[in-house]
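Both of the next two complexes hold chain A, though its partner changes from chain B to chain C.
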Partner chain A sequence: MKQLIQSQGFGAIVGVAVMLAVFTVIDFSGWWTVQTVSNVTQFTAILAFVAMGQALVIMTKEIDLSVGSVYGLAGVAFITMEPTLGVPGSLVLALIIAAFAGFLQAVAVVKGQLPSMIVTLGGLFAARGIIYVWTGGSVHNFSPAARSHPLTRLLGGELFGIDAAIFWLVAVGAILSLVLWATPFGNRLLATGGSRESAESRGVRTDRIKIAAFVLCSLLAGFAGILTLCNQPQTHVTLGENMELEAISAAVIGGCLLSGGRGSILGAILGALIVVSFRYELIALGAPSSWYITFVGVVLIVAVIFNQKLARFLGHSV
Partner chain B sequence: MNFKKSMLLSALLAATALGGAAHAQDSEKPYRFVMVSHIGSNDPNMNWLTTSLKEFEEKYPNVKTEYISTNNYSVQEHVRLLEQAIATNPDGIAVPIVSSDAFEGPLRKAIDAGIPVVAFNIPDGRPEGERIPYLTYVGGDEYLTGKKLGEYALAKAEAGEIPKPTHVVCASHDSAHQGLKARCAGMKDAMEKAGAKLDELFIGAEPATARNTLQSFLQANPDTNYIFTVAGWSSPWAWGVANEMKLDPDVDDKGMTILTVDEGPVSIEGVKAGHVLATNSQGFWLQGYAPMEWLYWNKKFGYAPQSDILTGPIIINKDNADQWATQVRGVFGDKAYDEQNTW
Partner chain C sequence: MTNNNPLIQVKNLDLHFGAFHALKNVSVDFHAGELIGLVGDNGAGKTTLIRVLCGIYTPSSGEVFFDGRKVEKFHPKLAIDQGIETIQQSVGLCDNLSIARNFYLGREPLKRILGIPFLDFGTMREKSSRVIRQFGLRENVSADDEVERLSGGERQSVKIGRAVEFKNRVVIMDEPTNHLSVREREHVNELAVQLKEQGLLVIYITHDIFQVHKLADRIVIMENGEKVADASTDSMTAEELEEVIRQGGRVVEKREAV
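Moving on, here comes the complex of A and B:
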């Protein structure tokens, strides 16, 4: 029990438990249906990929505002290049583009000593602009042959009636958690965010760690964009618009502290679950859908206060 | 000669004379008109407007037209662009009144400074005495767009071709856009007369979020059997969600019925494929060309129309979709048309 309380996703676990209890009381028949759970988990999986990457960057005491645009850029690259390169080729190219976007921004942050908020804000606009210029305002269609390609089905289809994205989330989430908690890289990543000077004094190459975190973040965002399109190829140039805000919210609700050095992959996934669930339940209760933004804001502030108090209670300096 | 014929002849003579005058005055004072649009490069409908401006410039070589637009459906961003355009002191401005409140200040200032303004695409929805004193409005009637599409659907339902509406959801990607709200209001008035309920739902412009929001609504409101998407490009999302939920969204006498707007490739091909019951045209090409012509005539001759100039709506259904497809292919080109068909 003590281990559970001390775990970095504890705040999110409490949040999810409270949320499920409240939703069960106020809307039992609407909430606990196969369709609702399927809808919520499917979109949670997409957002969670972006949130996991964001969590890694936040843990290094940086932030990435470009993830929504990178998500869109990778998706657009995947769908636009498919007629030339085929599904596997366009998938690889889309991931390379995403990784390159992350790398470029990371180099500007680390080597240029620039604030990540400014650099990635520039990345947000630049990537969105590239989408507009590249597509001329309209994303191309995904051919019937591409939609039925085995790789497309593997990423966007279903297995035992469950969306493939959820299996991918479980697999990637498990690997990232393992990397974070059981490898030297994870240790160095948290150390970089916790106290950069201290980490550097122990030989940690914090610049490399930060670059790796940004690249991973963009790769995960790009992969989420591809997963979305494999599942539903009907898209638009607005793909990923404002997703960075939901991803940051999910990571913070999930226990990531913007002061760095603290956070978890499980927390980011649960944070995404909370964000998506709130959207569903507010609409189900008949609230105007624009209220959702207000509720995310309120939940975000409550989560930050709770997570900070929890961290202080556990003896961490935040 | 009957009245209609004489009117037609007069109009023809006037157009010829004005056209001739324009050509004769090529070397005269140049004009610069700016269209400050909300239809950005993320919306294929921009092609209609930019193509018509190009053709206008060919007819009036002494006029330079500029098309500037926002890409992010932000009223604030649009106002900022408008203020920048006014600061360059153009000879005329064409602008959609996306928000009367937000646009009132800058536009009144421009009009007071002697810059003629023509509203296009979206009018100031307030009564005539209260609205921004622009020269005229050229465009469709957003309220009528919703109402006529609703009435068309009701006629089809009456004929037994589609289910009678019980609950309609009007899915909008911009909660602050007056034009989109007016479309929903028109549809609401048409549907409520037939005893159906209408809810407006803000789905946003991001595809995955929009699908999630719409799916949540449909799950929570299982009596919903009509979806009205107020943008053509979101109709495939609506169809995809309803199809995934096994709600039989194709046009037939059962399940879900989908209505949309615009004469873009997605909307027209949706109708042709039987996914969408109907869409509409609001005469986009005219909405680019006619405001420029009125600005020119106003600057040159002092002419001012005494009423709004309505360019739509025209219903596009399975009977005339092929004809529209041919016309739109002419504007977009075959390659772009096919690529933009995201069904």
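Moving on, here comes the complex of A and C:
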């Protein structure tokens, strides 16, 4: 129990419990339906992929504002290159493009010693611009053959009535948690965010750790874009717009401290669940959709205050 | 205790940061089994010299030899691999990590499960707490506790324990007793002597010539990026060495020793 309370995701667990209790009280019949749970978990899975990557970057005391555009860019590459390369080839190319975007930005941050907020803001605009040029502003679709390709169905279909994205999230989330908690890479990543100077004094190559975190973040965003398009194979130029803000919110709500060194994969997933649930429930309750942004902002601030108080209660510096 | 061949030999070392000449033609030898007091005012160049030895800075010119071999590439990882451990007051521990994780940071022991290498938590916990307890960690502190819970002296114990555990050959202590209580300061100084008695080269950086004179075999004084004195503690008193610092090295020529 003590370990659970001290874990970085504890605040998010409390947040999810409170949220579910409130939604149960105010909208039991609307919230606890198969349709609602299915939709919320599907959207959560997609956002959680982006949030997990964002959490890794935040844990190294950096930030990645480009994830929404990278998500869109990978999706566009996946669909538009499919007629030439086939589904597997375009999937690999989309992931390479995403990883390369992360790598370029990471090198600028680490080797150029530039603030990640500025570099990735540039990345956000640059990738979005490429999407506009690449698609010419038009909508692209998968052919019927590509839609029924086994790989498309493996990534975007259903298993036992549950969206494939959820299985992918469970698998990837478990692997990332294990990597973060139980491998030298995870130990060094947390050390890099906690105190870069101290980590370097122990021989940790913090530059490489940060580059790896950015590349992983972009890969996860790219994979989320591919998962989305396997489920609904149609692109548009706004694919992934504002997603970076939702992903950062999810990671922070999930217990990642922007001061670096603290956070968890489970927290990022639960943070994504909170963000998506609020969006869905507000719409379900008939609130104007524009209120959703306001609510996310309020939840974000409340979560940061709660997480900071919790950290201080546990004796951590924040 | 010392052997004749220097473990670290610095020859004509110069280091420039742009127009600033941080180290000026510094030459000095350090032997295994010696406790050296490296003393000087703020900006004298003592920490800069140490940062070259532990691989953070690459010298502009000059040579460094470790155990007779010329150091060709300077990087903290390479220095650590050679057995050079630096203990600094404010650097070396990540507050967000547990004692065990900090202890093994950069050299984590691994256990393979299904062929995949994972951290060997059992070894990390057991060995780190056993080693650090020898150097004064409280019984009620667990290896799983984050280091931010530790007192200043206990934090130094973790770093010193680490230096011993990894069988280092050189321990550089940079202002190790700053902000410590009197008792903790004595404890850290005892540990420095223990390390020397185990045959390690200990380089102890401080402003306090009187404190280090009691511990050290030899005192090296830096001033404005230059070595201005290198004297055994038998040949010069702390008061005489303090006068060297006060005079900016001008009185050293007549008393230079070793």
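Methods note: the second predicted complex is superposed on the first by the 317 of 318 C-alpha atoms of A that agree within 3 Å, B and C clash if a C-alpha of one lies under 4 Å from a C-alpha of the other, contacts with A are read in each partner's own complex, and residues count from 1 in each chain.
The working rule: contacts are C-beta pairs under 8 Å (C-beta built on N, C-alpha and C of every residue); 3 or more make two chains touch, one makes a residue touch a chain.
The shown structure was predicted, so the numbers you read here are calculated from the model rather than taken from an experiment.
Student: According to the stated criteria, A:Tyr280 is in contact with first (chain B), second (chain C), both, or neither; which is it?
Tutor: First partner only.
Student: Looking at the overlay, does A:Asp207 come into contact with chain B only (first), chain C only (second), both, or neither?
Tutor: It touches nothing on chain B or chain C.
Student: Touch check for A:Phe43: first (chain B), second (chain C), both, or neither?
Tutor: Only chain B is touched by A:Phe43; chain C is not.
Student: With both complexes overlaid on chain A, does A:Leu239 touch chain B (first), chain C (second), both or neither?
Tutor: So A:Leu239 only meets chain B here.
Student: Check the contacts made with chain A and report whether chain B or chain C touches more of its residues.
Tutor: Of chain B and chain C, B contacts more residues of chain A.
Student: With the two complexes superposed on chain A, say which partner A:Ala191 touches: chain B (first), chain C (second), both, or neither.
Tutor: A:Ala191 sits against chain C, while chain B stays out of touch.
Student: Regarding the shared-chain residue A:Glu158, is it in contact with chain B (first), chain C (second), both, or neither?
Tutor: neither
Student: Which residues form the common part of the chain A surface touched by chain B and by chain C?
Tutor: In the superposed arrangement, which is not itself an observed complex, chain A uses no residue for both chain B and chain C.
Student: Help me check something: in the complex, which residues belonging to chain C touch chain A?
Tutor: That would be residues 54, 56, 76-77, 79-81, 86, 88, 91-97, 101-102, 104-108, 110, 117-119, 121, 146, 148-149 of chain C.
Student: Tell me, which parts of chain A touch chain B in their complex?
Tutor: Checking each residue of chain A against chain B gives 30, 33, 35-36, 39, 42-43, 46, 68, 128, 132-133, 136-142, 228, 232-243, 246, 276, 279-280, 283-286, 288-290.
Student: Please name which positions on chain B make contact with chain A in the complex.
Tutor: It comes out as residues 40-44, 46-47, 71-72, 173, 175, 201-209, 211-213, 215-217, 219-220, 233-234, 236-237, 239-240, 245, 336, 338-343.
Student: In their complex, what parts of chain A are in touch with chain C?
Tutor: Spelled out, the residues of chain A in touch with chain C are 178, 182-184, 187-188, 190-191, 193-195, 197-205, 261-262, 315-317.
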